[in-house]
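The following pair of complexes shares a single chain, subunit A, combined with subunit B in the former and subunit C in the latter.
After this line comes the complex of A and B, so read on.
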């Protein structure tokens, strides 16, 4: 021990980082642990803490059987600290230290920068659990309820992953930051979470699916960029988190698809040919496609804000320092230093949206956002295929990146979903056509009734094609104990 | 080799969410993607199954048996999986695992061509557990079944699966990978062992199975001893030990469920394992079977004949026991083909029946002796063995599994 592949399950905290011999960190984490459990009980999923949930628990970092499925009470979930195996002889893959051995300890000059990145990443993990804590009560099936809780416990584990780095490498500062991660609360006036999108409510299941599709996908992009880091423990942590994050993408992607599927199916059965005949579609107890589009507009635009300013010195510094790379840096074929390179950036100049070449180093946020938008389009294409197959002309579409933005180049202007500029009056008049309004929210909320019978689904969502862990359709994913 | 169609690993584009986990996991870079789909290169995929557990969607778990593989370009263009080839074609695959399929293909070459399962055989489950996700079994029995005073150490090893379902049929095999690494630092290759139990366990309704393992310990030409890695690992297992089991494998060398079927079982040594399963199944299920079992079982001496004791207790109405020995002092050496010839009248009568099923299991070479005997016996009865064999093969009534 440790060869990085063996998981120690003996102690309080399962890990492959040799906590058994690292007295200092073990003690720090064991001190933090009760506070975490308290946070989970206070702010974790509401109402189902005693139920048995069929959950996946990571038990190894080797792909051969890295997880097992079993019924678990959520507070007894084994939150562990798991890092992907160390790659021998790994070097810093980009920036001015490119080619030097990857850091196994925090380089002093980048201490503050690294800590900030880890804290921001860490803050999003408990935030999403808090945002989703009321959803269990309206789960459209036991299958969906289980997926929600799976996402929740894994976000919890991702908090652990970041807290481990803080305790292990950042001393007293790190301990303080770890403590504060448990103190902030999503949406709280006085102690909000650090990023805007993580203070928005997740009022219903369509929002949850949109959140896991769009916002967790930002998480994936950030993790991909951090997985390239020259700080090896961060890289290894993020690489393993990505394996779990994939499930979150899946919940969102397939969730929206199942909503779309059910809607077009109901329209077909009722003989409705016009998908924009909202009243008739809603009479069927399903969510009309225009409203799904509005939800997409909202969550996509909120998530774009998470990428920060298009032109960013912080991003340039982090890259140059070898701390945060680009999306799949290892697959890119350039000099990985970007000193003289440029990158096209959409900017807002004199109230117009124009494309400008900018230094590639400063444009890294933009680049990550472009990769993100491309990644988002794949799922939208799949949802559209469902609509097309059912014979409807309607198509879902990502809104323009300038639409509904609060951070970056377009925060100062208003634009419609096609990127046409609007003045304040026009925006206020037409906003309701782009974004869900109170009537939409009230309608969706009226559909949110829990379904607890095995194999049954609420009226507005189709069953999944494949069960979790290949389980049959009527599998009891959650054994509810109130 | 069999002219079996090829098995291909495919990703369902309708379910895949392009999370890239499979591509990042694949150790041989067999998985790639374009803007449309994630796909598996059939030329590179070695069925290691590493990509299966991390896939969040289940889209990764598709296996088609095809006559012509789908190229990467074919797969890039898909919006959904093509229609799955009909079940009849796919059900002849003995394993979804190249390693196991290869071993079984080799073992079945002696049949001289492709053999489907008997028409009345139950439908087997295959590949429920693989290297990536093995079943964990506890050793609950390890009993020497050859006499203590012989050189041949053959063991009856019972593996219990606890609460894990491991459905099996008589005639199927399991795969075992001995722990540790070979001289090149790689994982050992898989060994297949025929299951020696009937489908409902060593005793009815137990969740266990037995395998029959001979300890390989042979002098080499250079005077050193060769100790088989897998056989010694298995023979040395103590009660309570746990081992990883892969499988079950085998979808053709299966027992007919028809109680009217006559079954001729020709074997040597540990080749008797599947026939113990057949016999026990027949004994438990058919109270008044019209078909009979005919066992031609060769060993050097009674002491070296696995299951000699238990065999004695089986009634003649169930099974005709032709136990044949080649090393009895002061007696001429007799091999199974010799005994078959001396029972030509009985065998000729059986060959004329459409209910006859013949199974050969044991060391490589056993089938040629048996073939020669059957050719002669058939000829004397006015039958053309090669034509009859081709028909029996096509009907799933002639099976060979030799190693």
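After this line comes the complex of A and C, so read on.
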């Protein structure tokens, strides 16, 4: 009998939710399982399904237990249902039900709202696996390849986490939605994933690092907000997912940093003093800083769209209902109801960007986005310190939130990365200066050659300081079996 | 802010050069009517028209576009309703707008939008101009209601686009622009599935939408553009409209408002706010009928029946929205009854010509507006009037009518007569599917038969009264006093009870989808629009968007 801390590995599906005695849900999940494995084989990492990958698997949900490392073939990875331990006597932390006992079942009146949030979150998990499925072929090292696959299997587990909630709490509708999560395909014209950024290709490894840094960070923010939920199973699920998500952040953060490191190192060695001398930098087989900036511009702006409209009734409803909180709600010091509070929102009025006070409840998407932008700054600061230490004046910078937007207030206008408005002509003329163009893509693509030798790295990326699981530099993170 | 309290004059006259929210693109026999609402283009301040949501201003343009497509584009056989926005088809009526509007404005808005949607269906049924709807992005509430007007609804199967009627769960009101009724009466959606659909905020998409008959087909994105184009071409190919004909221009309608006086070329309105009354005088034709149908086309919008109908239509809409306190409308006519009948004969002779067909259907729709107007309507048939044929319908549309018997002293006007024409026996059906005379004589078929024998004969007061075609006949001795007393009395009653009584008495006989929309759906909607659960400070309409749920009074009434 699981105590909620250890994981039951006896059945088909590892879990800490007592699946052994929950016939209905176990049957539903076992019915769903073959479809998932088929999906993984069809849409999971291409070409490395038989390779042995040094992956971590959770064996317990306490801080000590969730990272056990071993070689595993990805299709045999133990995807399971893991919830953070229940907090005794937990109450709903915000909204109109604040202080009431947290729900252990779905309240009927919020069923549709909850299901929608879970499906949207769930849809992003397999989507990123699909987006990244070709990257194994061009991994710059076995270390990076392993990190990619770790991210992939954990995104797969996150799908399981959401599917468990759908099966357990949402009846026939939930099962139908769970099935559809396996049917949609990233970037497919007819069956696309639900959110725009998850239908964009991840064509190269710099995109992958940017994606894990910027887009997975949106995932983190959403999970943080859902981890506050008054619906306790969702809260517990998301809390555990966040422990895994931290690794994805790390992959992106350190990945970009290693690219930057390698670039400045190569520039130093070659005596290049002007980081914007793109041709000279590229001649060194590294990625010039202006192109890294353009990639940042792209991924940051695409990700901002995931936060939805700045003023959102859905977000207001979800908060007031106690379903989705704010980032670190439990650390915030206010009434957690926000009925009369306001929040400053950037709006686009008559083609001008202006700040307006809006009802705080309606502005929750904006608030989460602001928290996200702050969170993004930290990594950018680290990257810049690498550049600074190497003695270059160049600085990477997050573009303005109005830049390159397709959703929300700024969808209707064009702005440069500083937030200055541009007309359509100016935008088309200058777009190539802000966003990667075909030539940039072709150059990056030319660098994407696989490096399979242990301890070796592609020309454009520096080795990590520390290995995974404290392994030495020449550790064979992936035993490739073609 | 209250749209009515500000008394901003709402003008129903517009044309495509002034549109803020719609555009029309032409592709041979197919027109694309594209909704692309300007969020900052609301009729009054206080709300943003996000996500292709609409207010009366958006619908005024839609109404104009539908009308122009019929008159100005005989070559168009199919119209595709679609969205100009990437991520949404239409989110329905703007909630903030509803939240800040007076009850009266909401009711009038709803009535006009209902009439516009019926006019879309009228184009499909009677004009050979078939409306199709291409739903990409969510069509929610009024958005789906708009789609429901099309004879063929296509839904893109992109896993995101859906149709929904979320009014009840989201706003505690009804899909009141025909939504409930079209679902059950037009699309014959099973009532239990309709119940599920109307209580599911997120709606239905994909194959289930087809299985439940909410849409006609779902189309994968890869085949979307091609299939929509194909369906439109097929519909256009079935049209009997002349491909090579040239339309007429619906030229700007001249109107002069001067205090209480509103003047069009063929209609005058005299408002008396003290007496709470508007006297609407329709002028008969002064020009002879055209020599030929080509001549009629050349006259364009100037030809009497069309010019008269356009002016009357605008007057009705103007009075409804801008003069809510004028609770009594008095219809008068001036002119030569024979001239009216001559035009009627011309319309009948050329009934199958596209322009003539449009004209009679337009007159039909204008008369229907009177039927559903919440004003007491009295027709006064006086010496010098021309209540004949088409214009006699005004008398039959009225709640009561009076005819002047004999001659007025010191007046050389011809005596008052009422003349029936063929037009009174089928050209202008009411919403219940019957003519006004059939409706009037529901319990006395012999009277209807007798009336038919009198076609073309000017009936004097006595004859008209005997035949039951008028309510009262008064001679010179009594006329002035009786009419004064009748009108004063009428203006003194409770406006609400009059509205309720008139709406009931005007539509005896069979129910149709149309009468159910106006008589059942909107009546219930208007009740809900008065109830605290919807409209109080803690009701759903006010609370919408704040994140706070409404506080409901849980008593069932």
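Throughout what follows, the second predicted complex is superposed on the first by the 481 of 482 C-alpha atoms of A that agree within 3 Å, B and C clash if a C-alpha of one lies under 4 Å from a C-alpha of the other, contacts with A are read in each partner's own complex, and residues count from 1 in each chain.
Everything below uses one rule, namely that contacts are C-beta pairs under 8 Å (C-beta built on N, C-alpha and C of every residue); 3 or more make two chains touch, one makes a residue touch a chain.
A quick note: this is a predicted structure, and the numbers were derived from the prediction, not measured.
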* Could you tell me if A:378 is touching subunit B, subunit C, both of them or neither one (first, second, both, neither)? => first
* Asked: In the superposed arrangement, which partner chain does A:343 touch: subunit B (first), subunit C (second), both, or neither?
  -> neither
* Based on the superposed arrangement, let me know which partner A:465 touches: subunit B (first), subunit C (second), both, or neither? => first
* Is A:317 touching the first partner subunit B, the second partner subunit C, both, or neither of them? -> second
* Asked: Of the two partner chains, subunit B (first) and subunit C (second), which one does A:194 touch, if any: first, second, both, or neither?
  -> second
* **Contacts of A:67 with subunit B and subunit C, given as first, second, both or neither** => first
* Asked: When the two structures are overlaid on chain A, which partner does A:208 contact: first (subunit B), second (subunit C), both, or neither?
  -> neither
* So, A:246: does it touch subunit B (first), subunit C (second), both, or neither? -> first
* To do: Based on the superposed arrangement, let me know which partner A:394 touches: subunit B (first), subunit C (second), both, or neither?
  => neither
* Asked: On subunit A, what residues does subunit B touch that subunit C touches as well?
  -> none
* **Residue ranges of subunit B touching subunit A (in the complex, touch as defined)** => 14-15, 17-21, 24-25, 35, 49-51, 53-59, 61, 79, 131-133
* **Complex interface listing, subunit C residues touching subunit A** => 40, 50, 86-87, 157-160, 169, 200-202, 220-222, 544-549
* **For the subunit A and subunit B complex, residues of the former touching the latter** => 63-67, 220, 242-243, 245-247, 249-250, 253-254, 375, 378-379, 382, 385, 465-468, 470
* Asked: Which bits of subunit A are touching subunit C when the two form their complex?
  -> 96, 112, 116, 180, 184, 189-192, 194, 309, 313, 315-317, 319-321, 338-339, 350, 359, 361-362, 406-407
